[in-house]
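The two complexes that follow have chain A in common; it is paired with chain B in the first and with chain C in the second.
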Partner chain A sequence: MTRGAPTVGVVKFASCDGCQLSLLDLEDHLLEITGTFDIVEFAEATSRRSPGPYDVLLVEGSVSTEEQAAEILELRAQARTLVTIGACATAGGIQALRNWADHDEYRRAVYAHPEYVASLATSTPVSSHVRVDAELHGCPIDRGELLELLSALAVGRRPQIREDAVCLACKRRGVVCVTVARGIPCLGPVTNAGCGAICPAMDRGCYGCFGPRPEANMPSLTGSFLASGGTRADVARLFEGFTAYAEPFRTTVSDLRGRGPEEDADAQQ
Partner chain B sequence: MHSSDEYAERDIDISMLTRVEGEGSLRLRMRDGVVESARLSIFEAPRYFEKLVEGRKPDEVIDIVARICGICPVAYQMSAVHAFEDCFGVEVEDGVRALRRLMYCGEWIESHALHVYLLHAPDFLGYASAVEMAEDHADIVGRGLQLKRLGNDILALLGGRAIHPVSVRVGGFSRVPRRGELDALRHMLDHAVEWSAETLDWVSTLDAPAFERDVELVSLVHPHEYPMNHGRIVSTRGIDVATGAWRDAFEESQVPDTNALHARTRSGTTYLVGPAARVTQCADRLHPRAGAALRQSGLGGAIAANPYWSIAARAVELLHASSEAVDILDAYTRPDVASVAWEPRAGVAAWSTEAPRGLLFHRYEVDASGFVRAAQIVPPTSQNQGRIEDDLVAFTPTMRDASDAELTHGLEQLVRSYDPCISCATHFLDVEIEEVP
Partner chain C sequence: MSEAGQGHRYFLARHRLADLIDVLRGAGGRARTVIGPTVEQGAIVYAEIDTAADLPVGWRDEQAPGHYRLRREGDERAFAYAVGPTAWKRHLFPPARVRMEVAAEPGADGTRFEPTQPAASATVLLGARGCELAAMRVQDRVFRGGPYVDDHYADARDAAFVVAVQCTHPASTCFCTSMRSGPGVEAGYDLRLTEIADGFVVEAGTDAGGEVLVSLRLDPADEERAGEAHAAVAACAETVTHRNRGVDPIRARDLDMYPEHPRWDEVAARCLACTNCTMVCPTCFCSRDVQQSVLARPDGTVERQWDSCFTAEFAAVAGGSFRSRIRDRYRQWLTHKFSTWWPQFGTPGCVGCGRCIVWCPVEIDVREEIAAIGTSAPESDAQDGGERRGDVDLGPQALTTSPGGVPEPPPRTGTVERVTTETSDTVTLRVRTPPGLEAQPGQFVLAAVPRVGAPPISVSRLEPGTLELTVRSVGPATAALCRLGPGDPLGLAGAYGRGWPIEAARGNDVIVVAGGIGLAPLRPVIDAVLADRDSYGDVSVYVGARTPDDMIYSAEIGTWEQRRDVTAARIVDRAGPDWLGPVGVVTQLFADTAREAASTVAFVCGPERMMQASVDALVDSGMRAESIWLTTERHMECGVGLCGHCQLGPYFVCRDGPVFTAAELGPYLGVEGI
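Then we have the complex of A and B:
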């Protein structure tokens, strides 16, 4: 690291650590990155700690406890640029499925002493709590997009992240459409393309881990799933994945299930 | 409070363990040089995976449980897929069986290289991180990163990506590679074998604290193979039960001081799972190259008795996994079908496989349509947690004259030598969420 290099912090909330691991998975570029940036906080990788301030703060994980809801406010105040990384941080993650369920029942079922478990009823994206400067989608994020983001931040330009759907990535990659060829339900038409169409290339349908496209035509897609014989619950389960709490998947799930999620009562910021 | 005790009492509080996966803390209370309690706490937010998989179908469960851990997603997929296949009576093709071992080889390489080089080695050499270590030892850190990358490459080839691969399905894979797709990887794996052998040579030169204890080691044991997806659950003190029968030999029981649940043997004792347990119990089933290197290192006894030498166990397994990966690729013919057809059956789907960090038990109650009705998942770190605490209690008196800073560092190192995966352990029964100071 060089003196005066931009400082970077990596922190986590409720998550699996996979997105921050993507940083270490940049193997070939890792030592380059640590030469460009001064990584001052990254508990998984270094014993040095820093409470801030940070030029760049990468945030993994969803907000799911009261401590986390307070901590994200403090971290925001310490961060010049705050970037959320991954479906947990950008959409609430798989754990946001509890937003549709009875949280107390979850707690009782999993823990012998639910009173020790200080978790909130909801798991919410960081953007429900504080302003976010940039987001990387995916469960996990794509290493190429992470590298592009860091390279752009290093020189102060806008990161170039492709904005289209998995379907187009299939076309670019020459992958035969799994829905047309084999009738496999696929969320490719409504999902962000950052992954490069990994699932269709592996002969299976996309399950939406890079999150919904803002312009997604949900009625058309759910209509075609229902028309090909899925029950409403079957179709709901297709969207009840890692980004279910992101709109418009959230409304689709609620419509199909006939019940909505808990409101973001704890996310008042 | 008695003033004489004030000097003798000593509390060590490490509020955030670093270079471990996930967020945990360590609290130790001593009086007159005797440790009264040692508690490894986990303050990761719970994510309730056992509930999240209720009402889901087997292939959805495979996608979901991967997200328990970004470092060992394949382990979660493997325990789940074998549990369901066992319950439904699904027989996969031999080629599929081999590819699943290859996938596990990839995950062991990725995870062990991460721990040996990036998380653990800095302790032995006195650095705060591998990045700082790289300033003086660029070649060594570079070798670790390349090895890790090859593990990831195996996973990406078979699963589409290294973290949360997408291809594992009940009955086989969504897709299996053509032979030609493996050529580039095969070529690189010769290097992986070489670098793994160098890794063992190098860790053998490190200085580990002299700390030995007698522990019960638990792993899968298979008659012919080094254990991954098959075998019986066996211990060095006589436990021997079927792969899915974890509950016959172990239970999650309540620990009085913490009101938390830890895994214990049915006789109430702590035990250790992981690379040291596998290497000790299955040394004669290692790949011949890894077996010979282990004998030559002379570290077999130390691996069983001294937790710090788990770094050598990981190095031995790096050599095993890269050597076995070469053999699997050389023998590979593409299975006729990627996946065989199957029908769900009501029943209990229970299985254990060997995650990089040790035995990982899954149990699902499944209805006739294949929907999961209840789930139990016991990750390796939940099983090791009691053992880690016992070792902290035993170890601390050996540092009686150390300053608080030295003791803190020594304890952190000891915890790290287990490669605890707190993200995994969090979402399960043995969690106590505490106020973080």
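Then we have the complex of A and C:
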């Protein structure tokens, strides 16, 4: 650790820890990372604890309980730069599918003693609760993007992470469009790049784990899927994944299903 | 057989295709990499070929808007397909390459910018079609036409041995006959193949191609085979022309005259802005420069990557995107391909290969869009009326490029001598000019901070040995510039662009109108005019700013106000506590003064709306648009006309501007989304 190095915290809410592990997955760079930043809070890696303040706070996971909803407010106050990492933190995660369902019914179906489970009716992204300075998308995040974020913070450049469609990375990589050449529905045109087009390169359609692009043209793409013979339920299923609760996937799913999700937790507060 | 074989037709029996590939791989004693068609991922793509068995023998393609399928015919034919998703640009202008290595180490020479040197290996491009050779000629003009050239592209192009294959099996999406690019191949090949029933008719187009034929010891093609080859290509042309929908390239050239046609909204509702059309297009050349470095390491690279005019950040500057809507971007792409490419490069940017139609996931067909906009446009919509198009020869001769120009130069390292704080977010850096850097008033430099970025900054003062840059902190790269202190190094590339015509203004009355930081590029004009005051008539300087605190060079404006031989005035949108001057818009300062059209020159810079209002006011006061000079802002990435970002109608702002006359910019100034 360098004296005066920026302090970094890594915290989590409702999530699987996979995104945090992407940081440990940067094996070749770990010593450099700890030489560049002072990691003061990272339960997966160190027993050091710090309540803040943090120069950079990486937040994994969605807000799924009342305690988390309170804690994120406190963490925001302690963080100079707050970056959400992964589909749970940026979009509510796969657990946000409960936002369209009966929460109590889900609890009863999953837990032997649902009365011990104190969860909110909705799973929501961190940005529904506090201001977020930057987001790393994906389930899990791409470790190359994480390294770029840290590198950009280290030298003071804008992170070279763009609002591109998966298609741009897919074509640069030389992958043949799976929709055009094989008729496979692919969410690439409406999904954020960042993964390197892993799924199309493996002969399958993108399932949107990096979340919707800000300018996703949903009516056109869903219209095309429906015109290709998919039922409304089939098309809804395509979007009902890790980022279903992020707009405009959320509205698309609701429209196709004919029912909307529960309101945001922040609206309930 | 004859010595070099050029101009003669030979017969390559089908079973000897393997010999051809062997000779190509090793011809002339040098090992060449053969890139050719092969079946991969459900399509015929271009990849490295080892043997004839790698070719798509017996395969056929079926192509339609948004649709591509292969099927096995089971015959012996190796080239019985139309172009697939790969364009040869992948090998000549790769999707990503390191353009420059940079370093930010301590010490006098610690800041470095080293361009990477081209080192293309000998490559055979096997199976290039007529439209694809036309596309190479189009990109030759972009990358080799000058004044700055992409030396990596040029090197790769020179190292390529081209084996062209004439088309005999077109797709429904082909419209090469419209764009005069195929199906035959007329120029630009070393060898030309035409597939017939029992093999190939082969011709050499160069001595290198002739050598290959000599070493194969081929017999001349007999009349029957030569006739079969000719008939196959002619039949293909007939099919493309009469079965397929086409495009009239001369009519399509007028697309940019209808920027408000309702069809743009209709196609934008379908367009995903996914960039697929631009990625598969064999002529699309836009790129972005990506800063790369790891953590706190002092070294890094700048990687040039394929970009697309459909991305959100393509036309973005600090204040937002000039093309924020998909409609704006689709219109930019289509009008660039078919209209504005002409004044830029002398040809259309489309070769009729149909890739953008096939690989559009939502089946947008440019042929339909052009027909809808070009034939249904009401006359009154036309932005510049009248016949502006002469007869145009689209043949291969017309497309031949004349290589010229110098490689894009890297930044040179200069040293900050002094930093002056102008406003809360703006500083002026006085920089010792690195050797070899020459600048004119109105030009800009790319001010490079290693690992961070290289934003374009106008030169705000020129003195022997130094130049000044006035920088407003609007993002991380400009913030890094604003953090520099005396003695710090920074990179300077340029100076680039067309500057102010100060010499030509001698003998005239001079009006300078500035808005906000727009005064920065105008200050060298004022310096030059005041240094040679007697050569000019009346001199007026009008400066507007949002508030008194946002006014740069405030003390200097005071000295102009003091002079008897200068009329100077300033105005603010909102007053501050000590402001006693006028409040309002800058045009208030000069709108009521009548001007002599023949002997007045105006220089204007500021926000686009302010410039538009100033032009209107100056024209109303008697000036001619040809005598009003403006400097424009667009997203500039490379500074030398190669990256495509800064287009404004037919112009590359970096190369053709940034200084333009109001007459030149007239149709584009203030048009949303251009």
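Here is the rule we go by: the second predicted complex is superposed on the first by the 264 of 269 C-alpha atoms of A that agree within 3 Å, B and C clash if a C-alpha of one lies under 4 Å from a C-alpha of the other, contacts with A are read in each partner's own complex, and residues count from 1 in each chain.
One rule holds in what follows: a residue touches a chain if its C-beta (ideal position, glycine included) is under 8 Å from a C-beta of that chain, and two chains touch if they have at least 3 such contacts.
Worth saying up front: this structure is predicted, and the values here are computed from it rather than measured.
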{"item": "Chain C versus chain B on the shared chain A, clash or fit after superposition", "value": "fit"}
{"item": "Partner chain in contact with A:Trp100 - chain B first, chain C second, else both or neither", "value": "neither"}
{"item": "Touched partner set for A:Ile39, first chain B, second chain C, both or neither", "value": "first"}
{"item": "First, second, both or neither for A:Phe13, with chain B first and chain C second", "value": "first"}
{"item": "Which superposed partner A:Arg182 touches (first chain B, second chain C, both, neither)", "value": "second"}
{"item": "Contacts of A:Arg237 with chain B and chain C, given as first, second, both or neither", "value": "first"}
{"item": "First (chain B), second (chain C), both or neither touched by A:Glu163", "value": "second"}
{"item": "Partner chain in contact with A:Tyr54 - chain B first, chain C second, else both or neither", "value": "neither"}
{"item": "Which of chain B and chain C A:Leu31 touches, first, second, both or neither", "value": "first"}
{"item": "First (chain B), second (chain C), both or neither touched by A:Phe210", "value": "neither"}
{"item": "Included angle at chain A between vectors to chain C and chain B, based on C-alpha centres and rounded to the nearest 10 degrees", "value": "130"}
{"item": "After fitting on chain A: smallest Cα gap, chain B-chain C, Å", "value": "10"}
{"item": "Contact residues common to both interfaces of chain A (with chain B and with chain C)", "value": "203"}
{"item": "Partner chain B, residues of chain A touching it in the complex", "value": "1, 12-22, 24-25, 27-28, 30-31, 34, 39, 42-49, 61, 64-65, 67-68, 93-95, 97-98, 101, 105-107, 109-113, 116-119, 123, 139-140, 195, 198-199, 201-204, 207, 209, 237, 241-242"}
{"item": "In the complex with chain A, residue positions of chain C that touch it", "value": "40-43, 45, 66-69, 85-86, 90, 95-96, 269-276, 279-280, 290-297, 305-306, 308, 311-313, 326, 358-363, 451-453, 475-477, 479-480"}
{"item": "Residues of chain B that touch chain A when the two form their complex", "value": "16-23, 44-48, 50-52, 56-57, 60, 63-64, 67-71, 73, 114, 118-119, 122, 128-132, 134, 138, 141-142, 145-146, 148-149, 152, 159-164, 166-167, 169, 174-175, 254, 259-261, 338, 412, 423, 427-429, 431-434, 436"}
{"item": "Residues on chain A engaged by chain C in the complex (per definition of touch)", "value": "29, 32-33, 35-36, 147, 150-152, 154-158, 160, 162-165, 167-168, 171-177, 179-182, 186, 188-190, 203, 213-217, 219-221, 223-224"}
